[in-house]
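Chain lettering (A, B, C and D) follows the sequence in which the chains are written, and residue indices restart at 1 in each chain.
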Amino acid sequence: MTFYLGAPICLADLVTRPENSLIHQSVKAKERLEPLNGDGFGVAWYVKGLSQAARFRSLTPAWSNANLDELARVTQSHCLLAHVRAATDGTFDVAEANCHPFRKGRYAFMHNGHIEQFPKLRRALMARLSHPAFNSIRGNTDSEHLFALVSDFLPPEASGHVDDLIRALRLGIATLHELIDQHAPNARVFLNVILTDGHCAAVCRYSSDPTRIDSLYINRGERYGCHEQRCWMDSGENDAVKAVLVSSEPLNSGPNWQPVPPNHLLGIDSDLRVCSQIIEQPRIDRPADSVEGNEP
Amino acid sequence: MTFYLGAPICLADLVTRPENSLIHQSVKAKERLEPLNGDGFGVAWYVKGLSQAARFRSLTPAWSNANLDELARVTQSHCLLAHVRAATDGTFDVAEANCHPFRKGRYAFMHNGHIEQFPKLRRALMARLSHPAFNSIRGNTDSEHLFALVSDFLPPEASGHVDDLIRALRLGIATLHELIDQHAPNARVFLNVILTDGHCAAVCRYSSDPTRIDSLYINRGERYGCHEQRCWMDSGENDAVKAVLVSSEPLNSGPNWQPVPPNHLLGIDSDLRVCSQIIEQPRIDRPADSVEGNEP
Amino acid sequence: MTFYLGAPICLADLVTRPENSLIHQSVKAKERLEPLNGDGFGVAWYVKGLSQAARFRSLTPAWSNANLDELARVTQSHCLLAHVRAATDGTFDVAEANCHPFRKGRYAFMHNGHIEQFPKLRRALMARLSHPAFNSIRGNTDSEHLFALVSDFLPPEASGHVDDLIRALRLGIATLHELIDQHAPNARVFLNVILTDGHCAAVCRYSSDPTRIDSLYINRGERYGCHEQRCWMDSGENDAVKAVLVSSEPLNSGPNWQPVPPNHLLGIDSDLRVCSQIIEQPRIDRPADSVEGNEP
Amino acid sequence: MTFYLGAPICLADLVTRPENSLIHQSVKAKERLEPLNGDGFGVAWYVKGLSQAARFRSLTPAWSNANLDELARVTQSHCLLAHVRAATDGTFDVAEANCHPFRKGRYAFMHNGHIEQFPKLRRALMARLSHPAFNSIRGNTDSEHLFALVSDFLPPEASGHVDDLIRALRLGIATLHELIDQHAPNARVFLNVILTDGHCAAVCRYSSDPTRIDSLYINRGERYGCHEQRCWMDSGENDAVKAVLVSSEPLNSGPNWQPVPPNHLLGIDSDLRVCSQIIEQPRIDRPADSVEGNEP
């Protein structure tokens, strides 16, 4: 998955042009156990004057979708999300309703990773949801349910404050851990998440298993641009930052890609300043030494 | 929707050949308010030696599906189900997971009609479900949820007794009315349902609104056959019945189509004998006179 | 099919909002023999700075396409095309490659109607095509082949002169008639066509059968606008025209819809002035009496 | 691609059960440069009493197609074909019309490989086709055009003689080489082909480039069977052969898979006897030494 916030760019600059574009990631993701992400995709982008992000999703693979190519070519936005799905283990259907990003009002959300033993949790999770969040569920993925959980902690009207996003994401994860403690205590969760309201964003790279965490990168600079099939981020003088990329894999071989620190949550405010917080491991009843023993 | 039980026939004899075949019903249903059923379709058929019915579903319209044509041409079975969807009001997604028939183990189920104010009921309905029934939900239609409710009253292993099907359908409808009483007392339900285990079937034609009920027909005879685009039911001598059709519309202009009596439940046993029961209107707490006042 | 040229409007103003929007026409076209247009659709729109129109096509029905809804909501353009397909007779596949509009470079083209006995013509038609036009054929519709024929008469670089469009359309139709004379002399053609380069457009309403012609309307005014589900064309004072609609059916019940005269070709230049020419019936070499003899 | 002829088996025994089933080949083909075959698939099978093979094709990937799973589970046949497509270079559309197997009357055909510079050949190739073969073209792949060429050499009514299949395949390839000589003399062709009439089959493994040839295997035995996810070929005593598999990759790690010799054409008659012929390299005008120099 890839996210951009900053001066307007073309959707193609994320989806089709970079060496390691989303299209490329759909065929051969480099840093994932399962390199194939051919079970549908979705893109979303914010449009001036409209609060809800526009979205295009399809259950067919990204690499052969002529409509995606067309949209990528003509769509300009200051805030874009793009996601390719891998459902190869067959737990969840390949269906449009299961494709990210998910939306609620002005908010958009996407997730890389999974929640183990989700069928044990689904019922209890749904019981926690508000009525509107409950009825918003259209598909059957862990991701959509997680977003429903998070969305209940979001202010109904987007405030534009990054703290609101951070808080909702943090509470959503904490609630998920409560549910796991009660219903599936051995289940691990892998939660790389991007949540935005079109002005600011909260990002987390999180795993409850200290021995394994999926990749997530951030890249900040003065300008992100592409020429033909080459894309790069210009470093700003004086630390002027006007473009932020977050991506499960670097889009190119440029130098500016920084891993998001494991088990951290980043806030990106509307001035593109980034703050970072640790996500504490859940208050687990496992003896502390066993956890220490696992640390790399 | 159309259902067949009896001596083996070809799927094309339901789906493509009759004057008013399922394909035709997908374009121009005659007896429905909304004549267009272009939001996907599904067929299921039982195969000797396999307990679960085979199924083919698609979210594209039946009338242009080349694969359906092919399957219809080569598939023979003694028990077949076929359904075309209309989701034109947009309440439920056009998605494969929302296409009938639904299945659980050996059972298959399809529904014409709808449950009003379903979003008010969904949560309470899901709370009633067993864990497996809860997790079996893949889509978001009222129909699939109704089947989940019914399926919890079905014996895990199909007994081949039609009474088991009748009982489950009856209890499912009663439970639905309980939920409606509590959560959406004005909601009407329109429940034309076919439920089978491949040996016998329960069928209901039911509406909670005395002024409106969807059509449903039954046709029994010695042999159902087609020659090119003409299909007919041979009446058996001595009342020998070896073929039963149930269909939301007659498949042809033949004489044998009998309306299923309103608010009745039919059982069709494995010898193709039909029994009929009334479905009592719900024990409604509305004052009796207001109900009488509504009667036509 | 619906076409707009003028001051920028939203795609939704053609596709979803009007009483008789494209979505509505996909379910229940009012003036066509076959009211159902559920075999895919396409939209195209011109974007400032890009010569080729952007396009979104799908083989699923327009009425249930969530992506179309989204695009309609956020897309603004001064020149838009929208088309719904009916392939119910099954001559041509339901496939994305068969959905209009077709494009070549800056040009976009859509067609309502059909060419009778097309299989008798296809080979000879393809033999007439330039190599690039031949290889541009991706599907198997009469419409795409007609556009290939027309496109060979278009200047490689769009000139912005409406005369170039008119000439190409006229020559394409004349060539088609030559082919018909040679290979399928009884074949009738029904050619309602819209051809544009994003600046100007040529439109024809043409039938070779004097007893039958499909509908086509034009609506010119100062401003075309929508408020919720109501759309209207403001008549300009002093004949100021800043918006032109061409549509196979009026989009609303407003007064300004004028039928395009039968067997006429309209040119709409970049100042939205309209010129009109008659399309002569083909110079048919058949003896006049034989034509009479054919009349029923 | 995988082909079976012999005593009836279940489609699942080719498509889903083997270690290296067609589903597996769709995700990770082992012996191909491009391991991903996610651009649609097709299966075909012959049914007693019907001359034309039944076919199921889809433009979505094989690995997530629930309908394919269902069909695989219930379909029994003595002659089955299965194919997964890779169109990743984007030359040809991902479309149902482009999915193999192709059919004409009783014949079915599938192809692994490609014809270089096909756009230079298409026009001349089409000019060679009979009228019916010309009009049979629905898509735009090299493979479908090759089959059209081959099909013109097939007897209209299948004779059941393997020689007819061999002859047509041989003449089709020779004609293709003629066209290449005239229109694209440097174009290489990679032609692994399976052609059947449901009784017998012709198979070729052919490349015009001596340095590269795609894999193709044959496996003959007394019985091909599966138990859960394990499949094997029983060797027959006394060379009794009642089952023949041909596959671009071995379906399992069993010992009986023999490579089809490079540039050979095999005939499999209705008694499952196999004959083998060399396919002579085209009469190429390149100096002989350069060809020798390329040999491995």
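Keep in mind that, in the parts below, a residue touches a chain if its C-beta (ideal position, glycine included) is under 8 Å from a C-beta of that chain, and two chains touch if they have at least 3 such contacts.
Protein names from UniProt, one per chain: A, B, C, D = Class II glutamine amidotransferase.
All values derive from a computational prediction rather than experimental measurement.
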Per the C-alpha fit, the turn needed to bring subunit A onto subunit D (nearest 5 degrees) is 180
So subunit A and subunit B: same face meeting same face, with over half the numbers shared, or different? same
If you line up contacts by residue number, which pair in B-C, A-C or A-D shares over half of them with B-D? Let me know. A-C
Centroid spacing, where centroids are CA-atom means, of subunit A and subunit D in whole angstrom: 42
Rounded to a whole Å, what is the gap between the Cα centroids of subunit A and subunit C? 42
Find every residue in subunit C that makes contact with two or more other chains and list them. 66, 93, 96
Within their complex, state which residues of subunit C touch subunit D. 93, 95-97, 119, 122-123, 126-127, 131, 134-135, 137-140
Mind pulling up the subunit A residues that touch subunit C in the complex? 47, 50, 54-58, 66-67, 70-71, 73-74, 96
Which residues of subunit A touch subunit D in the complex? 27, 36, 38-39, 59-61, 63-64, 66, 87-88, 90, 93-94
